[in-house]
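Letters A, B and C mark the chains in the order given here, with residues in each chain numbered from 1 onward.
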Amino acid sequence: MKQFLSRITFWKATAGLFLLGGLVTTVIRFGWGLGASTNLTDETPWGLWIGFDVVTGVGLAAGGFTLAGIVHVFHIKRFEPVVRPAILTAFLGYCLVIVGLLFDLGRPWSIWHALIYQNPHSVLFEVAMCVMIYTSVLALEFSPVVLERFRLQKALKVIKYVTPVLIILGILLSMLHQSSLGSLYLIVPQKMHPYWYSPMLPVFFFISAVAVGLGMTVVESYLSARAFQKTLETPLLRDLSKMMIGVLLVYFTMRGIDLVRRDALGFLFDGSFETMMLYLEVSLMLIIPLILFNLRNWGRSRQGMFFSAFSVVLGFMTNRLNVTMTSLEAYYRENFGVSYFPGIGELMVTISIVTLGFVLFGLAVKYLPIFPDHEEETVLRLDTKPENSGPHAMHARPVPGLNRH
Amino acid sequence: MPHAILVDLTECVGCGACTTACQQVHQFPEVENPTMDAQNFTTLRAIETEDGEVYARQMCQHCQDPACASACLVGALEKTRDGAVTWAANKCIGCRYCMVACPFDIPKYEWASNNPKVRKCTMCYMERQLTTDLKVDAEGYVLDRSGERYDIDGHNVKAEDRDMIIELTTNADGKRASACSVACPMNSTMFGDRAALIGEAQRRIKDNPDTYVQKIYGLKEVGGTSVFYLSSVPFEDLGFYTNVGTENLPDHTWRVLEKIPDIVVTAGVALGAVYWITNRREEVRKFEQDVKNQRSQKKA
Amino acid sequence: MVALFVILFVVLLLGIDLFIQARSKRYPIMAAAPSVAAHAHGRETLRIPKSVFFHPGHTWARLQDGDALEIGIDDFVQKALGGVDRIALPAIGEFVRQGDPVITVGHGNRQLHLVAPASGYVRSVNHDAVENPGMVSENPYRDGWLMMVEPAELARNLSVLHVAENAVTWIKEEVKRFREFLNASAAQPALVGEAMLDGGVPMAGVLAQLDEQHVSDFEKQFLR
């Protein structure tokens, strides 16, 4: 508890600093436009806000549909305790993606135009529709948590009744837009590095989203355990890690075959920056987790599972940023002689959005029945000083489990 | 009748009349030797070659199947029947996917603005429709036929600017054309019927094989465009985008998008079936458990 | 470059976090002052979760998804021992019977054998807790669980166990009994003077001050 307090104060101060920077940038962004607040240019129109906040963010929120599917469609009820934190992450994640998008759009007030001026030939239109509908579906999937908290039985019944439909709808929508974030880049075959441009991009995006959805659940669970003493059982986490590794093996097998078929392997030893980034991606997403997972003590311990899942999350980020940024760097350099690096304001906004995610997640875990150990407990005080009845005095004071921190 | 532009670089003397006319017709500040940005839709780069200086003009290619129009989620970018690719200010939400998608990196953005617009060459599409018989409202703005203010890329036209715009987009024969082609003193930039211009280009390279490289840039690129170039030096040497391929770029995304209905139906049915089967299994298990419990209770 | 930067940044944050964690564990003096809430869960309190089944031998079991039992030791015995610094558990697959002493925990020069609260096959053990026994002292009912058992005769086992209000009453009785046990052992000079002056006995770590005989008595009287 003591250690926890010191840690929280450090991080609180840091978070406050970032949020302040984010706030200042927000003022600049909406007061003076994108040019004043970002390093975006005509040559590099998409930067960190699209690459990380949107493309990576949506992927990191994939645990919601993955676990909802495992538990409610495949009826593997063992994983039931994982569903709520996963759906919470997904819901918060999508809300924050939309916040990030509002920063990045040049005319955010016209975002609703996607509803009336529809271009079915646009991948982005499909992504926009799916993200919009899926965020609503997530709100409904998440609503039982809130309804339970306020004991609204009737509404709960209605939601429970439509849950299977919601879950299946959610999976379909996720399949579509998770993959479509990859399809976005299909239209620029000549601009991207062959490592990352592939006609299979949508499939790769979907499969890696499933893997990172599982990974994120393990990571969250570990962090919540540290911060709130609320967590999931180790065997459950181990099974999630196993599934994650399985999906990753499928993913990298497919990517390997794809690289061979497109003759992109020739670059593997050219020592270029792109090659290094590919190595980093594969190491973080596959090799390190595999090694950690198979180490005797580490693979079974909570720490080991956390670090292997965290490595997958890092690798996933690398992959998404490689597709959205690294793969285009050479093109920008050769055609315009420019390279993009996010400005301090862009960084601040992105960090603020992530911080906001942490804060909201923390608040939700604290005040809503998210993790299964929301149990009450009695705390018995053993007074060393006798009160009235001699040396054996003591009194019981019931304390709800929530007040533990 | 779709229009197109043919630029014969061998005729170009690099006078810059096209870039100036472009700035004038859009009422942009006049800059010499401009680079492509939100206030310059065409550029002229002087390039030293073995045959002396060549002036490489660049502008929107007005693709037959434009990647930008396919990318735009609200359909703000549109390939008109006229041949021009236009942009609708009232639809755009500012996502800039068009800028990413464009194989020629043409669309530019008003980064300094709080209500930014995507700007690019529109082959003077709206300028060419502007006529003297259009009405003017009380505040002095030209109205279109439906009574709305005449809109060129989100800007309204003042009555006093109308004649200037019409003059800049009317050539010697009295036909309406893009400002750059009207301004070109060497007739290096030609505006006209697409098929006729292709024929002219083919005739030129066939008749003068020693002058021209045997290629009409823009004819096959990204499945065909509406702006063609002829040159005496290879286009690679002039910094043209020569690796854009000959396939319609929107096909790459459409191949995936067109599968969506099938995917939704197949996956929906499959998920429904899995749900039904596993749910049923669960019910059966519960039922058997109940029966077992009842039996053991009876025994007891 | 952006990708590399983002990854390095995240790794840096993780590194800082791990550093702070490690430092605050090594030098608790650097940590902030304990709050009131922390005190409520300090050494002189006992936690009794509502959904946990207590064996009279001060071990607990919790039902998991209907087909598994989580097992651990309770706050009472953990406090009396003054914390846990080593744990020995049965092997995975082994059958444990309710009431058989199968769990061994130790602190300093004291070692206690605790019984299984229910019968069944050991499905998994908490390697984390075995490697880092501090987890048991921190929260014996959550991260400090010890093993997962596949129950064999759950219905019969449950009748022996205390739960909810029942458990609270029972623990109160146990504390009372423990005080009496300590008073009876008060002939020992170590305990006189330190604790008896104010009439109560600080429970935490008190076992360390008893001699072997009394610890053995404690095991017989409280842990069976």
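Here, contacts are C-beta pairs under 8 Å (C-beta built on N, C-alpha and C of every residue); 3 or more make two chains touch, one makes a residue touch a chain.
Note that the structure is a prediction, hence the values are computed from the model and not measured.
Ranked by how close its C-alpha mean sits to the mean of all protein C-alpha atoms, the top chain is A.
Chain centres computed from CA atoms place C at the largest separation from chain B. Taking each chain's centre as the mean of its C-alpha atoms, chain A lies 35 Å from chain B. Centre to centre, using the average C-alpha position, chain B and chain C are separated by 70 Å. Annotation for chain A: residues touching 2 or more other chains are 77. Touching chain A in their complex are the following residues of chain B: 36-38, 67, 70-76, 91-97, 99-101, 103, 105, 108-109, 111-116, 241, 243-245, 249-250, 252-257, 260, 263-264, 267-268, 271-272, 274-275, 278-279, 281-282. Residues 30-36, 40-43, 45-46, 69, 72-75, 77, 104-108, 110-111, 113-114, 117-128, 164, 168, 171-172, 175-176, 179-180, 183-184, 186-191, 199, 202, 335-336 of chain A are the ones touching chain B in the complex.
Residues of chain C that touch chain A in their complex: 1-7, 10-11, 14, 17, 20-21, 24-25, 28, 30-32, 34-35, 37-38, 40-41, 44-51, 64-65, 70, 123-124, 126-128, 131, 139, 141-143, 148, 168, 171-172, 175-176, 179-180, 183, 195, 198-203. On chain A, the positions that touch chain C within their shared complex are 1-3, 5-7, 9-11, 47-48, 51-52, 77-78, 80, 225, 229, 231, 233-235, 273, 277, 280, 284, 297, 300-303, 310, 314, 317-318, 321-322, 325-326, 329, 339-342, 373, 375-386, 390-394, 396, 399, 401, 403-405.
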